[in-house]
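Note that the chains take the letters A, B, C and D in the order they are written out, and that residue 1 is the start of every chain.
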Amino acid sequence: MIRLFATHRILLPVVSLAVLLAATFYMQPRAMSYFGVNLLFNLAVPIALATVAQMMIIMVNDIDLSLGAFVSLVACVTATFLHDTPVLGVAILAGLIVAYAGIGALIHRFDLPAIVVTLGMSFVWGGLAVMILPSPGGAAPTWLRSLMTVKPPLLPMAVVAAILIAGLTHLLIMRSGIGTVLRGVGGNATSVVRAGWPVLRLKAGAYGLAGFFGVLSGMALVGLTTAADANIALRYTLLSIAGVILGGGEFVGGRVSAVGAVIGALTLALAASFLSFMRLSPDWQIGAQGAILILVLTARLIFTRRDKEQS
Amino acid sequence: MQSAFQNGTPIVALNHAEKHFGAVRALDGVSLSIAPGECIGLVGHNGAGKSTLVNLINGGLAPTGGSVTFPASGESRALSAGVRSVFQELSLCPNLSVAENLRISHSDLKGAGWRKKARAEIIQSLDAVFPDHGIGADTSVDRLTIAERQMVEIAIGFAPRGRDARLVILDEPTSSLDAGIAQQLLAHIRQFCADGGAVIFISHMMGEIFDVASNIIVMKDGKIVANKPTSQFSRASLVEAMGHVGVKNSKAAVRRQASDFGEEVLKSKDGLTARRGEIIGLAGLAGHGQAEALARLYFSNTSSWRMGKASNMVFVAGDRGRDGVLPLWSILRNMTVSILPQTARRGLVDRDAEKRTAADWKTRIGIRTDDVDNPILSLSGGNQQKVLFARALASHASIIIMDDPMRGVDVGTKQDVYDMIQTEAATGRTFLWYSTETEEVCQCDRVFVFRDGKISAELTGDDITEDRILEASFEMQEASA
Amino acid sequence: DTSGKRIALSNNYAGNSWRQAMLHSWEDVAETAVAAGTVAAADAFTTSENQATEQAAQIQNMILQGYDAIVVNAASPTALNGAVKEACDAGLVVVSFDGIVTEPCAWRIAVDFQEMGRLQVEYLAGRIPDGGKLLEIRGLAGVFVDDEISAGIHKGIEEFPQFEIAGAVHGDWAQDVAQKAVAGLLPSLPDVVGVVTQGGDGYGAAQAFKAAGRDTPLIVLGNRQDEMAWWSEQHADNGYETMSLSIAPGVASLSFWVAQQILDGAEVPKDLSVPFLKVTQDTLDTTLEGTPEGSVATIDYSLDDAKGVIAGAM
Amino acid sequence: MPIVKFILSRTWIWSWVAAAGAFMMVMALTQGRGASELAYAALSFGAFAAIVGLGQMLVITLGPGNVDLSIPATMTLAGTLALKTMGSDPNTAILGFTVAIGVGILAGMMNFALIYLLRLPPIIATLAASLIFQSIAIWSNRGLRIKPPEGLADFATGRTFGLPNVALVGLGLSILVWIVLERTVFGRWLLAAGQNLRAARLAGIPVEFVRATTYITVAVFASIAGFFLSSFSGGAALNMGQEYLLTSIAVVVIGGTSIAGGMSNVPGVWGASLFMFLVVSMLNSYGLGAGVRMMLTGTIIIGIVIAASTRRTRA
């Protein structure tokens, strides 16, 4: 059993999510419906996208402290420019992705610590967001709103979206050739350089992908909330990091899992709901979120540790 | 082979190539050309410039002066000229599978179904070099032993990768392989050269060099001091060319008896025992649990919470990058890190005592540097290893654990270290010594042979021979066959 | 009859004394109302970070939990609209207060924050007819309340052009942040006659002026007990006089009763407004007495007050 | 000019250059008026950032992945509990300080217990612990702002020999940290563990002791900062430490400490702390809006890091 969990790292996040979901359904049977599941998970969709974005950065051994501010900025752009002047909006979003790639190149070129550069960028993104929307507002483009509230047959939107995101990023990162090389950069950049790869471009590519998923995250968020503000997603920075780790990723060494990251994001979203169903005293509601984070990660530890002892 | 050397257009040609690191002339005007079919054995003391030469050829370093060209292919980059390198430090991506690692080196492996092709290619190459390797193409590299990783890396070096390899450079490829696997590699190299490929083979093991090389190049202090067909060297003349004087023939002093040692000072759960003043060898095929047993022993006898003034046990790492070197520090700080509490007063480092110790050991163990305040990474691999030895020997610890510590150490230094170990043992220090080289193990007073993570034999006295060790290493396989 | 109905409070932030007083006020009213059988439950929920996304999820959970009404102090007037709409569609009553939401299906119990800003300048004009330079302390950038109060202040400046804003800093509604920001600006700030604020920042500003060795200008305060205690001290020392105003945290209890009335079938207009709580020199001593140490001046609203507010808006 | 070369090769110089630059920019605006006031304010407020920064620096020195995200919550908890214990009564300052230190020790032990016993990555462990600390702070005092005892408040806002007392406290702690890092065996152990934990353990260093001590130290430093900050600003608030999360990391890395671990830099932390205060003060003085101000702050931070790194590679 332990072997099984160790060789298939993805099993543990899956099982944690399933257990948490079962407990949630037990406490709140109303949630066990098409409608209920959608309510439980639809706000996890932008979190999942942000987590995938963070995963791209962690994959190349960096960490992105600006992601929350970036998603907020994207949300502001989406609710203003993309709504009012779609062409300009698309151009700005594309520009943001290019900027992200540029940051990756900058970090590699000057061998800068990503943690500081992204910390600095969080101020830059935040400043831009405040300039675009000094006060909350804007509106989601109609097509985006209908996309995020679509009601597909059988499975609710949130589940369909999660499966799509997980599947596509898995193909991109875990299966494709270029994804393999990108993970190689995280595993041993020297060997990738020696094999003749332009690591500068690879790094820019990884950051560009992060920017791309960050843009998707911000857009999905506005589609759900219908409007934006400059601070709307600041929390995504830490949530996305926690999501990658919950999903079986590691901070160094290019060990990430696309499916795991999406599941990690869903687990985090569900954990918060689970707690609110428990109706704790308001004093302890915040602390309980910390406790549940510890709990879920401890399960992961038990299996990885046993595995190490056995091998 | 001789004729190929004379005729073919060189794959690579160096013309007065130089490489300086600040004041250090790592490579001091080297001219050399390598033709198809040649198998060059490259030897030299630690820090002679072998790895630097290799890095100049494969493009990892740009020459400070002179030129490196690839006449046979007319290409300007080593990779496109068909030059492959297997590096001294392992350079696989541990998070990727064996097949995925091939993908990193083989950039043309694109499109749908590339995994299938990659799997086939790496397995084919592994089969060709190391029959019965037992490595799966989808195994993640971090689950392989160090020897298996080395094998994968060598196999990637020889794999077709879309364009056949013309020149494969192997920088100490056998340092973590056991004798049997190393023989398979040597056989493959011979075949590869016979088929028109060229190889540069770097090793500190003279036997291997004589076994495989058609030509031997001797380097010393950044220069080529000899470049002749192998047949024109004898063991003695080669060692002399490398500049080692007074290398004694390894017939050491008379074998010591059980009565020469003190009381039992160590008894591990794995069954390892040691007496005071004894040198214990750990042998067996690489990756059969020797290193792990030593690590366990060390971890369970030392604390990660307390450190007394006199720790009883010290560790000499063989895998320097992972287990030994503190890369940001100077040679001095690396050397003294374990002995600080011995001289400290009220928790403050005694910096004069530290300087004295470093200067003392620099000369005693012969570290090639002009200043112990230089960064540790400015030393060649073998010299870094000497620093780790000094770190352990300078301590007051009575038990010294050595995890294949001679990896990459040159012949002359090895001899110095052997002598030092003998002397220290005579003063009552106990050594536990794991080595992949049977020759080294044979110098021990008692030997434990490992198989499948367990001790399969304990040899003493005249039983300590290469044959008996090999026998114990394979015992179980024969029994089950 | 609402005895079977369940009401939830969705709160996005608990990190300052104002919010704690608000939660306290809710707890009081909830306890008595549940004990009296007026409603079946009145639970309070707070998210861990001041974030609209988390609060949107919280509201969605409340729908699943089967509450009949949600009373919400929103992190953003617009970013919760999606979740609020979902709640309305599921048949819940949504009442927003303090941080109100713009979604039309919800009720709003608003304070005229613009007026709160304008009134400060008006008060200063009364005290200092000659006018002069002012320092503006703002709240948290990008947040609705900050923008509104500031807009009101600027309106006031247009109305009383003898005043001019000589400098502005963001104090994030926290004394220590305000203190730091003001201290950093003071060396380059010309003499100012007054400080216009947003609440929770006046005491910090006063500290900064004191540390720089400058005369304390007329600082409009925000009803925090420590501010009022300082004011009272200053008054005793040197006759210092000012004004203090803020929204009363007790508005949570008003919102509770409004929600209860809507559930009870009462006709309630979508937009209600409450006056802000103003403390003047005359009311300072009594207000200070009634405010627990370290808390915020407040008033608790009863069912009758709620009926009055509703009737007033009809 | 060997001295110039020596100075330019120090990574910490850039934070000082930037701080001086921001200072000059303000002075350009005021034609030199208010120089001493600005310097005084920068020292006072910079001290808090420097104290938490020193702690964070030690943790970051432990190597990649080591960081304490619970600093703000620890500051708040220490400030809240200390002020509650003192309850504005005179002559309770020592008692309050003891409570704050106690909170720091316990918080650090809690953080390290999660890291060591549960093997959680420090980022996650300290994040989770900080949520728990926040709850305890809320539960213990319900957000009431209790005034510090007068004597303590006077000390926190007062000055000695013309320097702010809080800056002197910060300076004392800096000297202590500097001595530990440069001269003591423990400092060597810490730097070694930060370069390669496994190698350090194999060299006989009690690495878990080193890590535990470091995580407790950062929490104690946060507690000291929280204690003095709440005394300085007239009471503890639940959101008191919030801005010190990013600030504590920023001052460490802007100050030239390598996030790869194994290397520390005390003067840089001070340069960066002064800079972080002065840059906001400069942008405020020029009357820039919040958006522009944030953008410029971010850009300047990145600029300093690039300047420091290109210097390093050339040197």
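Here, contacts are C-beta pairs under 8 Å (C-beta built on N, C-alpha and C of every residue); 3 or more make two chains touch, one makes a residue touch a chain.
Going by UniProt, the chains are A = Ribose transport system permease protein RbsC; B = Arabinose import ATP-binding protein AraG; D = Autoinducer 2 import system permease protein LsrD.
All values reported here derive from a predicted model rather than from experimental measurement.
Peer 1: For subunit A and subunit B, which third chains touch each of them?
Peer 2: Chains that touch both subunit A and subunit B, as defined above, are D.
Peer 1: Could you tell me which chain lies farthest from subunit A when each chain's centre is the average position of its Cα atoms?
Peer 2: B
Peer 1: Have a look at C-D versus B-D and report the one with more C-beta pairs in contact.
Peer 2: Looking at contacts between chains, C-D has the larger number.
Peer 1: Using CA atom averages as chain centres, what separation in Å is found between subunit B and subunit D?
Peer 2: 45
Peer 1: Which integer distance in Å separates the CA centroid of subunit C from that of subunit D?
Peer 2: Averaging C-alpha atoms per chain gives centres 32 Å apart.
Peer 1: Go ahead and note the Å separation of the Cα centroids belonging to subunit A and subunit C.
Peer 2: Roughly 34 Å, centre to centre.
Peer 1: Which whole number of Å gives the spacing of the CA centres of subunit B and subunit C?
Peer 2: 71
Peer 1: Using the touch definition from the top, which residues of subunit B touch two or more other chains?
Peer 2: none
Peer 1: Hunt down the residues of subunit A that sit against at least two other chains at once, touch-wise.
Peer 2: Where subunit A meets two or more other chains at a single residue, that happens at 129-130, 134, 285-286, 289.
Peer 1: Quick check on subunit C: which residues sit in contact with 2+ other chains?
Peer 2: Answer for subunit C, listing residues that touch two or more other chains: 14, 48, 141-142.
Peer 1: Connecting every touching chain pair, does the picture come out as line, ring, star, complete or other?
Peer 2: Chain contacts: none of line, ring, star or complete; other.
Peer 1: Would you please name all pairs of chains that touch?
Peer 2: Listed in label order, the chain pairs in contact are A-B, A-C, A-D, B-D, C-D.
Peer 1: Spell out the residues on subunit B that touch subunit D in their complex, using ranges where they run on.
Peer 2: 298-299, 302-307, 311, 313-315, 317, 322-329, 333, 337-338, 340-341, 344, 347-349, 391, 395
Peer 1: Quick one: which bits of subunit C touch subunit D in the complex? Just the residue numbers, please.
Peer 2: 14-17, 19-21, 24, 48, 138, 141-142, 167-170, 172, 174-177, 179-181, 183-189, 203-204, 207, 210-213, 224-226, 229, 292-295
Peer 1: Touching subunit B in the complex: which residues of subunit D?
Peer 2: So the residues of subunit D touching subunit B come out as 183-186, 188, 191-192, 195-196, 198-209, 262-263.
Peer 1: Going by the contact rule at the top, pick out the subunit B residues touching subunit A in the complex.
Peer 2: Spelled out, the residues of subunit B in touch with subunit A are 58, 60, 77, 79, 85, 87, 91-96, 100-101, 103-105, 107, 109-111, 114-115, 143.
Peer 1: Which of the residues in subunit A come into contact with subunit D in the complex?
Peer 2: Going through subunit A, the ones touching subunit D are 65, 106, 110-113, 115-117, 119-131, 134, 238, 241-242, 245, 251-252, 283-291, 293-294, 297-298, 301, 304-305.
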